[in-house]
Each structure stands twice: as C-alpha cells, then as structure tokens.
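In the two assemblies presented below, chain A is common to both, partnered first by chain B and then by chain C.
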Partner chain A sequence: MTHERIVDARLHLLSRQVLDADGEPVRAVDDLELVGPDGQPARAGAEVRVGAILVGPVLFVRLFGGAVPVSRQPRIAWEDVGHVGTAIELTVPSDRLDADWVEHWLRDHVVGRIPGGRHDPEADG
Partner chain B sequence: MKKVLGVALGILTAIGGFVDIGDLVTNAVVGSRFGLSLVWVVALGVVGICLFASMAGRVAAVSGRATFEIIRERLGPKAAGANLVASFAINLLTLTAEIGGIALALHLVSSVEPRLWIPVAALAVWLVLWRVKFQVMENVAGLMGLLLVGFGVALFLLGPDWGELMRQAVPPSPPSTEHPAAYWYYAVALFGAAMTPYEVFFFSSGAVEERWTAKDLTMNRANVLIGFPLGGLLSVAIAACAAVVLLPAGIEVSSLSQIVLPVAQAGGVLLLALVIIGIVAATFGAALETALSSGYSLAQYLGWSWGKFRRPARAARFHVTMVVAILLGVGILMTSVDPIAVTEMSVVFSAVALPLTYVPILVVANDPQYMGCHVNGRVVNALGTVYLVIVVVAAVAAIPLMIATGAGS
Partner chain C sequence: MNVGDLLDARVLGPDGAALGVVVDVRFALEVVDEPDDESRERDREDPETPLSAHLGRDAVGGARLVGLLVSPRSGGSFLGFERTEVRSPWPIAQLVRRRHRGTFLVGWSDVAEVRTDGAPVIVRLVAGFERRSPAL
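== the complex of A and B ==
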C-alpha cells in the first residue's frame, strides 16, 4: 500500500535542494513547469501536473520579470525524480543532466586543469 | 578517546573562530574608550551565538541541510536573495578585513610594508582552501589561535585595580566624557561582531563537511557551549587590557600595534611574539572561514554542489566563487584602504543583516519534517524569540546610530 500525502508545491517543492542519484547537489528548484495530462501546455480550468523542474535563468525571471526562451530553459524532467523529502532526490546521476552544464564546463576547462583540482582532500592528511 | 579528542578540537575551533579581526579591533576600541562598561554586550552576544549556532548545527546534523539552503527554502528566492546580497557583501568586507589583518600582523613582526604581505596572505589562504583537509585546517588555526590567551596573561601581569574594573562593568557605567549615542553605537558594533552571520554559515556547513548525524548532537552542544564562552572571555581580556593601559593614557585605538601595546608593556617581547602568532592564526582562521562562507552561502542559495570534502573539480563553481571573493578582497585592500576601518564597518553592517539569517533557523528548528524528534524545546524557543527581538532592535538601530555618531567618532 502506498501512503498518499499532500505535497504543497510552494512549500515542499519550490526552492528545495535537488540531489542526484549519488546524493550530489545539482541545483535548487527555481521554478516548476506545469503541463496537461497529455503532456501538452497547461490550459486554464483543465487538470495539470508537474512536467519538469526548471533551473537557472528562470530564477532571474522570478526575481525581476521578463521571459526565457523555451529552448534556452534548462530543465530536469519530473520522470527523473525518485523521492520528495527535505530534498528532492533524482534517479539519474548529474553527469547525465544538461541542466548542470555550467558546472561541467567549469570542471573541465578551469578547476580540473589547476594542479590538485582532481585531488581527493579526504585521501590524506 | 577519539570522541574526547573530537570535542576538545571542536572547542578549540570555536575559540579560534569566535575571535577574529572584528572582535580584536572592536573590543580594543571599546576598552580604550568605554573601559569595561560594555562587557554586558559581549555576554549577550555570546549567549546569542551559542543559541543560534547550536540550533543551526543541530538542523545540519539531523537534516543534512546547511543554513543557507534553509534560508532559501523558507524565505523564497526574493527575501533570501536580499539576504544573500547583504550577507555576501558583509562576508566580502570581513574577508577583506581578515586578509588585511594577517598582513598587518605580519608587518608588525617583519616591518615589511603590509601591501607586500597582502598577496602572500591571500595566496596562502587560497592554497589552504584548495588543498588542506577540512579537519586539519580547522584544528591548526584553532590551536594556534589559542595563543591569544596571552591577552589574559597580560591582564594579570599588569596587576590592574580589579575593583575599579568591576565598577566599570556592573552596573555598566560609561565614562561621562562620551556621548550616549556613541556608547550605543559601539554596543551594536560589539553585538554584530559577536553574532556575525558567517559564524553560523560556517558552523552549520562545517557540520555537513564533517558528516555529523543526530549522534553527534552532544558534540555540537559541547563545542558551542564551551568554545564560544571561552572566545567571549578572550574578548573581555582584550577589552580589559585596553581599559587598563590605553584608557588612562587617552590613546584611541586606530592600529594593530596599539591593540598589542598592553601586551608588550606587561609581558615584554616574548609574550608579544606569542600574541602576534595568535593574531596571525586567528585572523588566518577567520579568513578561511569567511572565504568558505562566501562559497557556502552562494552555492547553497543556488543549490550548487559545495564543500571541501569533495574534490575541487566536483564542486567547481564553489571553488571559483571563493577564488573570486579572495581576488575581490585583495583588490579592495590594494586601494590602500585601512583594514581596521573596513573591520569597523563590516561589524555594524552585519548587525543589520542578522534578522534575515536567524529567523529561518528558528523556524526550521521547529519543523518536525526536518527535525523529527529533535525540534526545539520550550526554553530554547523562548530564548530564541527574545533574541529575535534584540536582533531586530540592533538591526534597526545600527544605521541611524552610525549616521548620528559619524561612525562612532
């Protein structure tokens, strides 16, 4: 038997930390994309569900207004979410998420290239 | 045995972390102008930081969520964003002051121009952040910072009139030569220095770095309840030294060499040398903590991966943030601004930002979804509420007092 519980989008989803399958932080939930039951854009008066977690530029839209082109909008599909607790846990590793491209770019082009950048600090004294 | 060692080292950390350049300068300035008549503020600040640091540590240990994640989650992106901008700016000012403080202390021992020491100090801070293990970093800075006990030793060697010091402290009696507004301005500054938000950012994130769980709550309490009060005692000793030597001589503190003057007078070169090592270690430790806190607060607000326990490449944006913060700090110092003045500004502004940090901690510490059975008890909640009122009063009063007194002059 599954326990049903009410999840308040504003309280339990927005601004929560998103963790990947390994427990590594990915982003915080900056906004949610709502879609209709058939995956089409949500319509007023019709049933909707959460289609994706939006991160990145959409935060500035929420703070200052404006709009982000849909093609430039990093998203994490709701199908990848495994568990909603005090953090939102995904079932995929962050390396597979396009939403995390800034982190990957900085890792590969800046931080990873500085000597010691891939050194494990827990490995020695 | 390992546990005892853990507690002992944690306590040392708290002492080293509590007394930074802000506390050094503010306490010495206050001692040289108001004697011990503001000791009650240090006591008030110590109780407050104990209360909220232990709460933030408990939240981090039980839920695994550090303070700025909670601020974002509870206040939403707008209010938390405002807090982030304010906290980040204060953090940057404090980091600037700490790097400047290291340079000034090294200048005292070497008589090499402080501006030449600044890049050296900044590079050293970055290397430690880049390479050294979190626990090692904390313990070395904390242990060496303990040398600041030299201020206490100096106080005894000076052989002051203890009765007179007590009369200044209880009931608080500010010197008649000072304006009441200046007295209250410094009260707010001291309170801000004791309760700087970076201390809870660092403390709670440190709990995550050290992978604390609900089992470590005793350690959390011991660290806080012993470490911060001992740090407070050191602060009082610094103020008392200034009250005994500098107040009667009419010297107003405006440089680091004046802060250590009583130590040199009481204990000679040897004690002075030890205290200066202590100052270098304490400011170095605080520079590490503020640099980390700038990374922690930004990364936790945006949900990036953070922490020194990860390989730098696994927390790339976090490390880039810290490098940028250090470079900005060096840039500010290179304009040859006086680090002591930067410090005095940063503690007053931190008083302004206090409520936005401490309200969410209190709220989440009462949320059973996060805390399970470890929610706040009634006494803690009552005290926390009283402190929120004090914090709000201090925050509201800070800027008007600053303008009215011309920053205390």
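== the complex of A and C ==
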C-alpha cells in the first residue's frame, strides 16, 4: 500500500547532501525543478511535481547576482531518487550522472595522465 | 519554474492586497516501499550501523507540490518551529514562533498565477482561497 510523506523544501530538501547508490557524496541540492504532467512546464493551480534536482554553479550567482540559465544547470532526475532522509540517496551510481561531468572529465583527461594517477588507493586494502 | 523562484515570492490576495511572502514550499512524497517493524527493530538493536545501511528505510517515488507556506511578517526561515510541536530551546522557539505567527498554508490549487518575469516574483491567489494550518 502506498501513502504519502509530507516534506518542506527549505526544511527537508534544499542544501541537503546527495549520495549516489554506493553512498558516495555527489553534490548538494541547490534547487528543485518543477514540472507539470508529462514533463510540460509547471502551471499555477494545476498538478505539479518535482522533475529534477538542480545542482549548479550557484556560487558565482550568489556573489554577483543574476541567474544561471536553466539549460546550463546540471540536473539529477527525480526518478533516480530512492530515499529522502538526512541525505538524499540516489538509486544510480554517480558515473551515470551528468551532474559530475567536470569531475569525470578531469579524472579522465588530467589526473589519469599523471604517472600514478590511475592507481586506486582503496584497492590496496 | 523552480522552487527557488517561489521562495521569498510576494503573495497577493485576489484583490491585490499583500498577504506576505512564501517561506517554504510543501511537497507530498509518494512512499512506494515501506519497511516493516521488524527491520526498524533490527536497526534500533544495532546502533553502530551507518544510517545509509539501515534496513528500516522507506523508498520514495514522485514528489507532488502540495502548497506554499506564507508568512505575513518575515521571509526568514522559521527553523521548523511553528510546523512541529518542538518547544525547545525555549527562548528561540518563543522568538521564532512570535516572528512567524499568522503563517498559513495555501494549497497549490488556490494559486491563480505566478509571475516570474519581474523581481520579486509575484504569486496571486484565487478568490475564496483557504488558509490552512501550517503544521506538518
């Protein structure tokens, strides 16, 4: 049987840590994108759901004002969310997320080329 | 539209009268898989286990927008005090509650229009909107 749990955005969701399926920290929740049924734009008074968690370069926006264009904001689809508690836990590993592309790009193109950069210290036990 | 657009938006009544600011946005999380009492009991018996490895955790589905919490006085956070039965620490609870007295929840179906083109964002309510209790 399904039921609903009530949460408030500021109290329970915003700024919470996002963990991937392996428990690794991904990002923190900066904003939540609202969508209507079938992914249409959200409309006042009509049914609205959370479409995605937005994680993005908000530091510059906070310092200098303005807003990040929606198309430039990395997002994590809400379908990937498995549990909402002290942290927000995803059901997918972070490698599958676009939100971490800068880190993955640097790992593959910069850190990986440094001698010893492909060594996994955790694998040594 | 994002939650960030709605937070701190000015709320106007159907006649254009200022009612306050949006201090929070409320959602209903669909709980698709609820743990049984046995799993929760096992978590309690083993306090050393990290939270992420607990068995007694629910799985959530979609998050439906329920409504907006509107405070007539302060746009600041109320730390959850007036939404729960938490009464301590006493001086802070008293202060925050006093600052946010008159806060109400308005259902999303009672929202007529959200104007995001200007700053601040304006939320206009329908005629005959209902002031609901902000308690969680």
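The rule is short, and it goes like this: the second predicted complex is superposed on the first by the 106 of 125 C-alpha atoms of A that agree within 3 Å, B and C clash if a C-alpha of one lies under 4 Å from a C-alpha of the other, contacts with A are read in each partner's own complex, and residues count from 1 in each chain.
In this text, a residue touches a chain if its C-beta (ideal position, glycine included) is under 8 Å from a C-beta of that chain, and two chains touch if they have at least 3 such contacts.
Everything numeric here is computed off the predicted structure, so don't read it as measured data.
In the superposition on chain A, A:86 makes contact with both chain B and chain C. Of the two partner chains placed around the shared chain by superposition, chain C is the only one that A:78 touches, whereas chain B remains out of contact.
Of the two partner chains placed around the shared chain by superposition, chain B and chain C are both touched by A:14. Contact with chain C, but none with chain B, is seen for A:5 once the two complexes are overlaid on the shared chain.
Contacts of A:47 after superposition: chain C is touched, whereas chain B is not reached. Residue contacts after overlaying the shared chain place A:28 against chain B, while chain C stays out of touching range. Shared contact residues of chain A, touching chain B in one structure and chain C in the other: 14, 30, 86-87. Across the interface of their complex, chain A is touched by residues 63-65, 69, 72-73, 76-78, 80-81, 130-134, 136, 299, 301-306, 308-314, 316-317, 319-320, 369-370 of chain B.
Interface residues of chain C facing chain A in the complex, by the touch rule stated above, are 1-4, 7, 23-32, 34, 50-52, 57-66, 69, 77, 80, 83, 108-114, 123, 126, 136. Interface residues of chain A, counted against chain C in their complex, comprise 2-11, 13-14, 19, 23, 30-34, 41-42, 44-45, 47-50, 54, 70, 78, 81-87, 89. Across the complex, chain A meets chain B through its residues 14-18, 24-30, 55, 59, 62-63, 86-87, 94, 102-103, 106-107, 110-112, 114, 116-122, 124-125.
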